[in-house]
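Shared between the two complexes below is chain A, which pairs with chain B and chain C, respectively.
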Partner chain A sequence: MAMLHIVNKSPFERNSLESCLLHAKPGATVLLIEDAVVGAAQGTVLSDRIQKALESVKLAVLGADLEARGIAQEKLVDGVNVVDYAGFVDLVTGHDNNQSWL
Partner chain B sequence: MKFTILINEGPYQHQSSDSALHFVQAALEKGHEIFRVFFYHDGVNNGTRLAVPPQDDRNLPKEWSALAEAHGLDLVICIAAAQRRGVMDADEAKRQGLDADNIAPGFRISGLGQLIEGGIQSDRLVVFGD
Partner chain C sequence: MSEVKKFLYVNRKAPYGSIYALESLEVVLIGAAFDQDVTLAFLDDGVYQLVKGKNTEAIGMKNFSPTYSALGDYDVTKIYVEKESLEARGLTLGDLMDLKYEDEDDDWAEKDSIRVVSASEMADIMDTQDIVLSF
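What follows is the complex of A and B.
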């Protein structure tokens, strides 16, 4: 029963990503959209946290939101996938359930 | 697959209406069915036809209306949330003794039961909000 977790707020503004990572079970996917995409960047206070999370969950970011915030894909923590909206739809259909961390 | 979408945030407030619109477009392009889009809380403000954003900006209410017309979407606005925020169809405006209505084409006003039904009838419920 793999769940897709959708986070849309910057982890430097709210703690929804941290709450999500604490609750996400191994095998789950965490998708970062809107302001949350900044959480997947290299060289921040959260980068190690993200790296560690990748040991048990998959992480993806929405490419359009990443681009809108001027973050190059090469600047993401290694192992984070970039998806487009079609990929977002596939993530929703490919998981048994989804949860938006609003 | 069959989707119901819940939008809890108004247009231009942050990004949820844009994200939901793009998600719905992508899902339709992939051949999925959108059973219903339910607008709740400030999300009801997506359904006013009196919005006039600057010409070089996107017009979210119009984009929802256009998408609804093109794909026969069921855009439902929560009645209690709508009345608080002054989003009215002709019947509601008349019932409340108001001099005008403002609901955008393709939207309809109904109750929270429509959200529950959407959740039951669809394979996936995806929530967009603040």
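What follows is the complex of A and C.
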């Protein structure tokens, strides 16, 4: 069963992303929205963790939230996919279930 | 609608500092009235919700701990607590409330509702649900 995990808290403030990655099964997708999008940037203390996560799960970020925070798409860890709001909906309908990490 | 769905309520926040824990408990009790297959998960700071011996008198908030003991009467009998989350906080099963239910399929024998599981087992539990509600 493929789960869409949605994280909306900065991983530098909360452990939501860390806990999500610990529980995400191979084949799942993790979508970062709102403050969580900062977690997908290169050169952070989390970049290696994100890189490693990409070996078993897919990672996506919401473009609108990236732009709002001044993070250029080129600054993301390689392999992270940027989606728009329609892409968000496609992710929801394209998975068996979804789970939010508040 | 007669189809029974598997509902998982995921609790990851400590009580009293925010409204999440109480709201979750209320939603669980309301949901229990609809005869669905309900499972509760407690991980990260959510494990603090089940710690026994709370006294909220001096902070002026209602202590809703006793309500967890009523879950068994609402057929909410599957309460999973993550081992890693307990250990990270210096807690053991002995620090948690003793939640029980009466098993109608076993001559109403009293059984433990709380089951401590690993993060990996918790991931499997999350993966087998129809609906996941997060608090």
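Structure notes:
Assume the second predicted complex is superposed on the first by the 102 of 102 C-alpha atoms of A that agree within 3 Å, B and C clash if a C-alpha of one lies under 4 Å from a C-alpha of the other, contacts with A are read in each partner's own complex, and residues count from 1 in each chain.
Assume a residue touches a chain if its C-beta (ideal position, glycine included) is under 8 Å from a C-beta of that chain, and two chains touch if they have at least 3 such contacts.
Quick caveat: nothing in here was measured; it's all calculated off a predicted structure.
If you put the two complexes together on chain A, you find that chain B and chain C both fit without a clash.
Of the two partner chains placed by the overlay, only chain B lies in contact with A:34; chain C stays clear of it. When the shared chain is aligned, chain B and chain C each come close enough to touch A:102. In the superposition on chain A, A:3 makes contact with chain C only, not with chain B. In the superposed model, the vertex angle chain B-chain A-chain C (Cα centres) comes to 60 degrees (nearest 10). Measured by the number of chain A residues touched, the leading partner among chain B and chain C is B. In the superposed model, A:71 makes contact with neither chain B nor chain C.
Contact with chain C, but none with chain B, is seen for A:23 once the two complexes are overlaid on the shared chain.
With both structures placed on the common chain, the touch criterion links A:89 to chain B but leaves chain C unconnected. In the superposition on chain A, no contact is made by A:54 with either chain B or chain C. Look at A:15: by the touch rule set out above, it reaches chain C but stays clear of chain B. The overlay of the two complexes leaves chain B and chain C separated by a minimum Cα distance of 6 Å. Shared interface residues of chain A (contacting chain B in one complex, chain C in the other): 97-98, 100, 102. Residues of chain C that touch chain A in their complex: 10, 12-13, 20, 43-44, 119, 122-124, 126-132, 134-135.
The part of chain A that touches chain B in the complex is made up of residues 6, 8, 33-35, 64-65, 84-86, 88-90, 92-93, 97-98, 100, 102. Taken in their complex, chain B has these residues touching chain A: 1, 3, 8, 14-16, 19, 22-23, 25-27, 29-30, 32, 123-130.
Considering their complex, residues 1, 3, 15-16, 19, 22-25, 97-102 of chain A touch chain C.
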